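Down below is the structure, laid out as structure tokens.
Which chain is which? They are A, B and C, in the order written, and residues in each are numbered from 1.
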Amino acid sequence: MVMSQLVMNSLIAGSIYALVACGFSLIYTTNRFMHFAHGTTIVAAGYLLYQLFQVLGIPFFAASFVSICLAGMLGLSTYYYLYLPLQKRKASNIVLLIASIGVLIFIENLIQLIFGASVKSIGYIKIARGMDLLGAVITPLQLTIILSSIILLGVLSFLMYKTILGRNMRAVADNPELSSIIGIDHVKVSKYSFLIGSYLAGIAGILIGLEQNLEPTMGTSLMIKGFTGAVIGGVGSVPAAALGSYLLGFAENFGIWYLPSGYKDAIAFILLFLFLLFRPSGMFGREKGASHD
Amino acid sequence: MMRITKVHKNFGGVAALAGCSLMVDSGKITALIGPNGSGKTTLFNVISGIVPIDKGTISFQGKDVTRKPDYLIARQGISRTFQQVRLFKNLSIHDHVAIALSTNDETLLRNFFRTRKDQPKRIKQVLELVGLDKPPQTYASDLSYGQRKLLDLAVAIAKPHSLLMLDEPVAGVNPKLRQQIKGIIRALAAKGDTILLIEHDMNFVMDLADKVYVLDAGTIIAEGLPRQIQDNEKVLEAYLGD
Amino acid sequence: MNQKHRPYIVLFMLSLLFLAGCGKPTGNQPTGNVVVEKEKPVVKIGASLSLTGGSAFMGEGMRNAMELAIHNLGPTKYKYELVFEDDAMNPKMAADASQKLITIDHVDAILSLSSGTGNVVSQFTQPNKVIHFGVASDPTVAEGEYNFIHWTPPEEETRALISELERRNLHNVAFISFNQQGEKAIMNDFSHRVEGTEISVVSTKIFNNGEKDFKTYLLQIEEERPDVIVVLAFSPEIEIIMKQIKELDIDTPVTSIEAVEFSEQPELFEGVWYIQAADPTDTFLADYVSTYGKQPAPGTANAYDEVNMIVAGFERAGKNPLKKPSTAEVVAELHKIKDFPGALGPLTVPESGIVLSHAVVRMVKDGKFVTIKP
């Protein structure tokens, strides 16, 4: 009973991290730089849903659909108006990383300016006892989060490895100049990656917002966990990033079962540090071959 | 097939191309030779859109492709290899050829569904043509130098093209592989491919080419049949000391 | 950037600025820098507050109260100005804020919020002879003659909590607490006071800032079979904890200190009893609500009193209207304060520098906060 609940808690936590990591990893896999503002796209989607559903009274699913679409537009706009001009000026990945952090801070503060700093709750689901499942207690929303994460993982894996777009994304990630020579419009592929990745952020924002409430700065901590999960699994591969996120969820929950409670964040950072130091390609990532260009 | 007219390209005050003009005829092997630093690869880069042109025009199959982005030029039907092999390190042999085979149409719906039912057969054909006998799931980074050269060639051949530009296809390869690549080029020409070939080695070129252009200091100094070029005094002068 | 997109981007930026302007609270707004007359010496009161982050509702409340206090000042010998810095309840940011307030703004006094940041601020104010009032539970914030605390001290809160636990016959206590000095001070004081009694602490779970998943902590707590779970946290964590307690079907009673009345989701606490600092006076409440259109947060009334005590200290110590007194002279006057009419009732500043205010037991009944034991 206790072990079942611990496993269930780990799955829920891992699924939340995986929802963040999938979109982030998709964008990184294609563009090869860290889009840390992905965290605020997630938060923005949650706040958009709050504004549309909670404040304006628009039906929940319509409001969710619009929020996801707008999240996609936000991610795409960030690429088109910020990253692409910087890339055209031959900006390094460090510059793009700093720009993404700047966007994250800007949007967090903008959300705070518009909505205030206090916590917002999306009152779509009544708080009630969860249901019994395999010896553990889980709410329908938490089950939805787990299933969504698994389904999205499957869909993204299919996209990356079984479709032309996915293959082109992997090609652009590997060698953008060569991909252009072969006939791939790498700017368009990048746009798709930001659009799809940000749609995923929108889905994550809605589910996480319902589960954990909303506050303007939650994007940063979500990104830290999502990024850690991605590094553990293998940041250059979407399925690996998702699996790494699940590993992180299990490590944290089982870790604090046996360690003093204040060490929860330390578990994540120690794992991140160890992987960056000893296996930067992650548990499931491939060690890269020697460069020949 | 392609007409290059008075193309100029400067790099920080150094004229890499200074009014270069040449024509590539359909169904023929045209060779471009010249001493080191004469601008051969720069011309290839300008044609394929990697490097922006300063002055001049390039028309391909009657269309002006001057200043078009590289991926659009590729889609017009120009396929090329590189002197220093460029591949996707983390993709497999199979993926390389599959990417090249696809029309790269970016329409969203097409991107979610694979449309080429004959793709496995075509991939096999191309790999057999170039003689690359490694398992198709082998990553490019795990190949030897010679095998990477063959994969580079396979990608260029697989990509739908009207013109194949080969930049020093036998640079740094052993004699056996050199003959193999020569055979591949001959087979492609026999099928009617139009090929523009850069090669440093005059002997390799003289055997293959239908027409030769000689580039020196960014301008064409001689053109003609291979045996005419071999005896050309200007050509000998350009290569003096080489 | 595409030229044709530029007008839309400019329009977008202007819309954001407009929205930001619309986001400001309505009502009579006292400005933070009320200038009385130009020739009077200026007393600067700084503040290192959590104006962003999860505790921003408290920082904003204190800022509002400070501005209200200045606005409500009658004729004074000196001119009083406020300078605000955001520390997000982060000790490192509090250090930066303190340095800036002291070395660049040359403030005469600083207000702070929380034990973590208060302990940092007091390290700067004491050597620089800047008066410091903290809203904090940890008594170490008041160490040094220039440092003061105006908050219900942990002893008061734990005394009230233990008394209520005994009354309800609840002996096995579990804590789930934010990792902060104030909360640790409460738990330490609680453990110390229950020694030798029937009450014992069976489980203590500490979580860090930003934690959103408490399910495994709650699972561990339940394994120890406590009679009551004491939640030492504010928004947003306390709502998430309550939500996850309900979802996990944990029926152990829950209580808290200070946080319940400031939750964004009071429906989660129906039937919950809790410890609360005493109410601000009706006069202050009416004034604050009419000005800002909302109820004060924890610490709001304390900040109002702190500004007024500082002003009183300067006015009483200052003999020359053309020259403000030294902070040493003001500190001496502060220690003489007895039965000062504050927003939290009559205030006395003892030798320790910890201004006393009392705790009460309340309960959420039909959505209302009802005092059950003064």
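Assume contacts are C-beta pairs under 8 Å (C-beta built on N, C-alpha and C of every residue); 3 or more make two chains touch, one makes a residue touch a chain.
Remember, predicted model here, so these are calculated numbers, not experimental data.
The chains in contact with chain A as well as with chain C do not exist; no chain meets both. Centroid analysis (C-alpha atoms only) places B farthest from chain A. The central chain here, found by comparing per-chain C-alpha centres with the mean of all protein C-alpha atoms, is A. Remark: chain A and chain C have CA centroids separated by 34 Å (rounded to whole angstrom). Between the Cα centres of chain B and chain C there is a gap of 72 Å. The distance from the centre of chain A to the centre of chain B, with each centre set as the mean of the Cα atoms, comes to 41 Å.
Only residues 2, 5-6, 9, 12-13, 16, 81, 85, 109-110, 112-114, 116-121, 127-130, 137, 139, 142, 212-213, 215-218, 221, 253, 256-257, 260-262, 264-265 of chain A touch chain C when the two sit together in their complex.
Residue ranges on chain A touching chain B, taken from their complex, read 159, 162-165, 167-168, 170-171, 174-175, 177-186, 188-189, 192, 236, 286, 288-293. Chain B contributes residues 48, 50, 69-72, 74-75, 80, 84-91, 95, 98-100, 102-104, 106, 108, 110-114, 139-142, 145, 148, 155, 159 to its touches with chain A in the complex.
Across the complex, chain A is touched by residues 1, 5, 9, 16, 19-20, 23, 51-54, 56-57, 60, 179, 204-208, 210-213, 215-217, 219-220, 223, 235-236, 239-240, 243, 246-249, 264-265, 268 of chain C.
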